[in-house]
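Read from first to last, the chains carry the letters A, B and C; within each, the first residue is number 1.
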Amino acid sequence: MRNTTNAEKLSKARIDTAQRSAKETASNGVVIDCNIDELYYSTFKAVRDTSIPVKKNRITAFIGPSGCGKSTVLRCLNRMNDLVRGFRFKGHVHFRGKDIYHPSVDATAVRRFIGMVFQQPNPFAMSIYNNVAFGLRLNSYKGPVAEKVEDALKRSALWDEVKDKLQKSGLSLSGGQQQRLCIARAIATEPEVLLMDEPCSALDPIATRRIEELMVELKTRYTIAIVTHNLQQAQRVADNTGFLYVDTSDGGRCGYLVEFGESGQIFNDPREQYTKDYIRGEFS
Amino acid sequence: MNTQDAAINPRITPGPPDPVGPEVNPFADVDFCELERSLRRPRTLVDLLLSNLVSAMTMLALIPLFSVVLMLLWRGGQRLSLDVFTQLPPAPMEQGGGFGNAILGTLIMVALAALISIPLGILSAVYLAQSRPESPFAGAVRFGAKILTGFPSILAGVFAYGVLVLTFGGYSAIAGGVALSILMLPTIILTAEDAIRMVPAKMRDAAIGMGATPTQTTWMVLLPTAMPGILTGIMLAIARAAGETAPLLFTALFSNYWLFRGGFDLKQPTASLAVLIYNFAGMPFDNQVDLAWVAALVLVLLVLVTNLIGQAFSRRQIHE
Amino acid sequence: MSDINQISRPPTHSQQVVDTAFRWLCCGFACLSVLMVALIMLEIAKDAVPAIRQYGPGFLAGTTWDPNTGQFGILPEIWGTLYTSFLALLIGTSFGVAAAIFLSEGFLAQAVFQILKAFGLQFHPVLGKLPDRAEVLLKNLIELLAAIPSVVYGLWGLFVIIPLIRPACNWLNLKLGWIPLFGTTLTGPGVLPAVIVLAIMILPTITAISRNALVSVPPKLRMAAYGMGATRWETILAVILPTAARGIAGAVILAFGRALGETMALAMLVGNANRISVSLFSPANTLAALLANNFPEAAKKDVGVLMYAALVLLAITLFVNIIGSIILQKASAGQEGGK
């Protein structure tokens, strides 16, 4: 009984996907279209003139020196900045053609479709299994939870390491494993987009490598936007790259987008002088 | 011991006239024999005396604790038997007896108080922990709770007397429970707020980042993670309430009979261990006084066990 | 947006309703909690109004309490409350602060370490932890003093303290009876046993809060003093205690509030005598003990008078508690600023 319904659901999902991709080719495959004219924290102007299209099944990387506002821009994409008091911005962020900052839009709804992986691994103080099942429960998912959990853990390349200790606390894992657990948690609900805010900055090189491989595998099913200040990482994994830089001309520290394009072009043949200097390592 | 201090610290010994003077050798008048520790020097002697004084006073402060515990074991332990848990309080001049109804009454009234104060306290704490720490309303709630912690317990009894006993015309277990709940409330609010605030912010962000509503975040992440700390607070509050006498004196009063005599009815005077101790301690009968000591032993054990359970929970708390 | 896939979906309508309702519920409960103090005051004040009308401020200065003639005054109780609390505070503070210093300055850990060192065991895997363990144990023991119910202290005072101190008290009265403090004999319950037990009961409060204040003195200040060659006690007296002074003051005032409102130990030990005396051995009465003794068998017409007395107690303790809380709040704010 359940199998048939699932099969039906799956086939329906495929049809949905097909329809969707048709719709998306029309808009050039852009899932999130982000256009920030000015962004403030209280009276402090943090970002200006940044417009980045996040394309479907691509990895879009934001690079730039620290303090250039790349995390701020990323957090705009699923309204995590709403939690910061005094946050406001001019511009728009469109998710599949819909303005997510429109007053009628529920921020929590947005975040269910645009998942997030944070800089610090942040598993909940519950079992590994419950960590992954968390999102399913959040969405009151009625289907087979255990299968979904296993699937998510497999796709995040953690299954083999934890399959015998699913009831152990998520906090008992190593840093790299915790981060993969967080990725599993984020993808278990199959969000449309995965935002990753420097996901490897707290990890050692080997764990970093694994996460990078994972991202490349995941992009076949998800759209990924990643903030990193590791240039090699962006070069290795990203399809598109946006370079942000800090403008200190009017006394503040205001980030803005210098250049956006295919990663190959940005890293091998940057158009702007700032980009050239940054990639050559003349400033950091 | 450092000799320079004698030269530099003018409060202790007058130093050389001007330490920054150009040609003065600061060590010219220092006799390096002074480096040796000697009790003949007043500062060393004072140091030693004060250290010993403070140690002695601390030990002295602990004597009452040991004395109370020993007396409880000695005088209470003698009469401790199964009878005291199952029998009713004896009449004057009567031998034997126990205080089964008082134990039951204490448990029921504390449970009643917990039933009122736990939801009230935890939800208030949820509100407090999620509002900004500096917001005036949160500050007011916190200040109110702090004032309530230092509140004379007898006034909680006076309040319950005025609201319940006078209005409904009788002493009751309910009035006792309400009075105790007022005493439990501030402890629960303050410890639960602390526990919820101690949940690492990154866990909260993770839940919000997945699109959890504030209520889902609270129930699925904040409360489960903060649970050990919250339970600690609840246990401390229960321990305090169980030992309270003053608020029960004229809300639940006392009773020589079982609470469920003639049907389970919470609207009648109810015995409690604490009031029993108070009543029996003042009686001129040895049997009653002995029973007061046994009741005190049972009460202290009850309170201590609750406290220990609470501390066991607090060790499992997750910190940032 | 719900057509995207099968798992992620926006919060359902019921989730949103629950969310809003829950948030309002929390807010409402928080309001109720903060109103609790006000509610208690209002209730007591409301019931006290008839008595206030009838007896007015003269109630505070009257010295007789006689339900038969309808004469009521609580001056002896006010005096007894303040007198016993003040004396208990003197004893409790000196011992409590001493214990706080002892616990925060590592005296015990050091002593245990020295003992272990004498046996060459200071780095033993199990025994090496003993110094820190001993300190935690001692701290817990002091906190245990607070866990014992006050009625048990009352019982203990009645059967241990009073027989213990009576010979000494009566000897003092015999030899030094001309000093007002020792002006009467101790026949049974009286001020001194009540004060001793009260002091024991407030000691853990003072120790716990003072220790917090002492521990949170920035280590750099301590290092600065030691670095200048100050001895341990010069450091404690000249640097650490002054820095922690506000926290200790807050602790003392909160403990004073506790002492003022403490009921059971006093009702059992102070003697319930309606008189004003400075003698340590004379029986007296306090507001809380008056309430505890008279409420259970109060006639309906006397309830108002008792409510009036409760209101006076409320006013005194509230005043003291608010002052204490404010001092503590300022103290912790000041310390955070200093870091």
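Here is the rule we use: a residue touches a chain if its C-beta (ideal position, glycine included) is under 8 Å from a C-beta of that chain, and two chains touch if they have at least 3 such contacts.
Being a predicted model, the structure only gives us computed values, none of them experimental.
Chain-to-chain contact here is organised exhaustively, every possible pair of chains being in touch. When every pair of chains is scored by its C-beta contact pairs, the maximum goes to B-C. The greatest centre-to-centre distance from chain B, using averaged C-alpha positions, is reached by A. When each chain is reduced to the mean of its CA atoms, the one lying nearest the mean of all protein CA atoms is B.
A separation of 48 Å divides the Cα centre of chain A from that of chain B. Between chain B and chain C the centroid-to-centroid distance comes to 11 Å (mean Cα coordinates, whole Å).
Chain centres here are Cα averages; for chain A and chain C they lie 54 Å apart. Across the assembly, chain B contributes residues 211, 213, 216 that each touch 2 or more other chains. Shared interface positions of chain C, i.e. residues touching 2 or more other chains, are given as 8, 11, 15-16. The set of chain A residues touching two or more other chains comprises 108-109, 112-113, 135, 189. Within the complex, the chain C residues that touch chain A are 1, 3-12, 15-16. Taken in their complex, chain B has these residues touching chain A: 132, 200, 202-203, 205-213, 216, 220-221, 224-225, 318. Of all residues in chain C, only 8, 11, 15-16, 18-19, 22-23, 25-27, 29-30, 32-34, 36-37, 39-40, 43-44, 46-47, 94-96, 98-99, 101-103, 107, 111, 138, 141-142, 144-145, 147-156, 158-160, 200, 203, 207, 228-234, 238, 254, 257-258, 260-264, 267-268, 288, 291-292, 295-296, 298, 303, 306-307, 310, 313-314, 317-318, 321-322, 324-325 touch chain B in the complex they form.
Of all residues in chain B, only 1-6, 8-9, 11-12, 43-44, 46-47, 50-51, 53-55, 57-58, 60-62, 64-65, 67-68, 71-72, 75, 119-121, 123-124, 126-128, 130, 137-138, 140-141, 143-148, 150-159, 161-163, 166, 182, 185, 189, 211, 213-216, 218, 239, 242-246, 249-250, 253, 274, 277-278, 281-282, 289, 292-293, 296, 299-300, 303-304, 307 touch chain C in the complex they form.
Across the interface of their complex, chain C is touched by residues 9, 13, 16, 20, 95-96, 98, 106, 108-109, 112-113, 135-136, 139-141, 143, 148, 188-192 of chain A.
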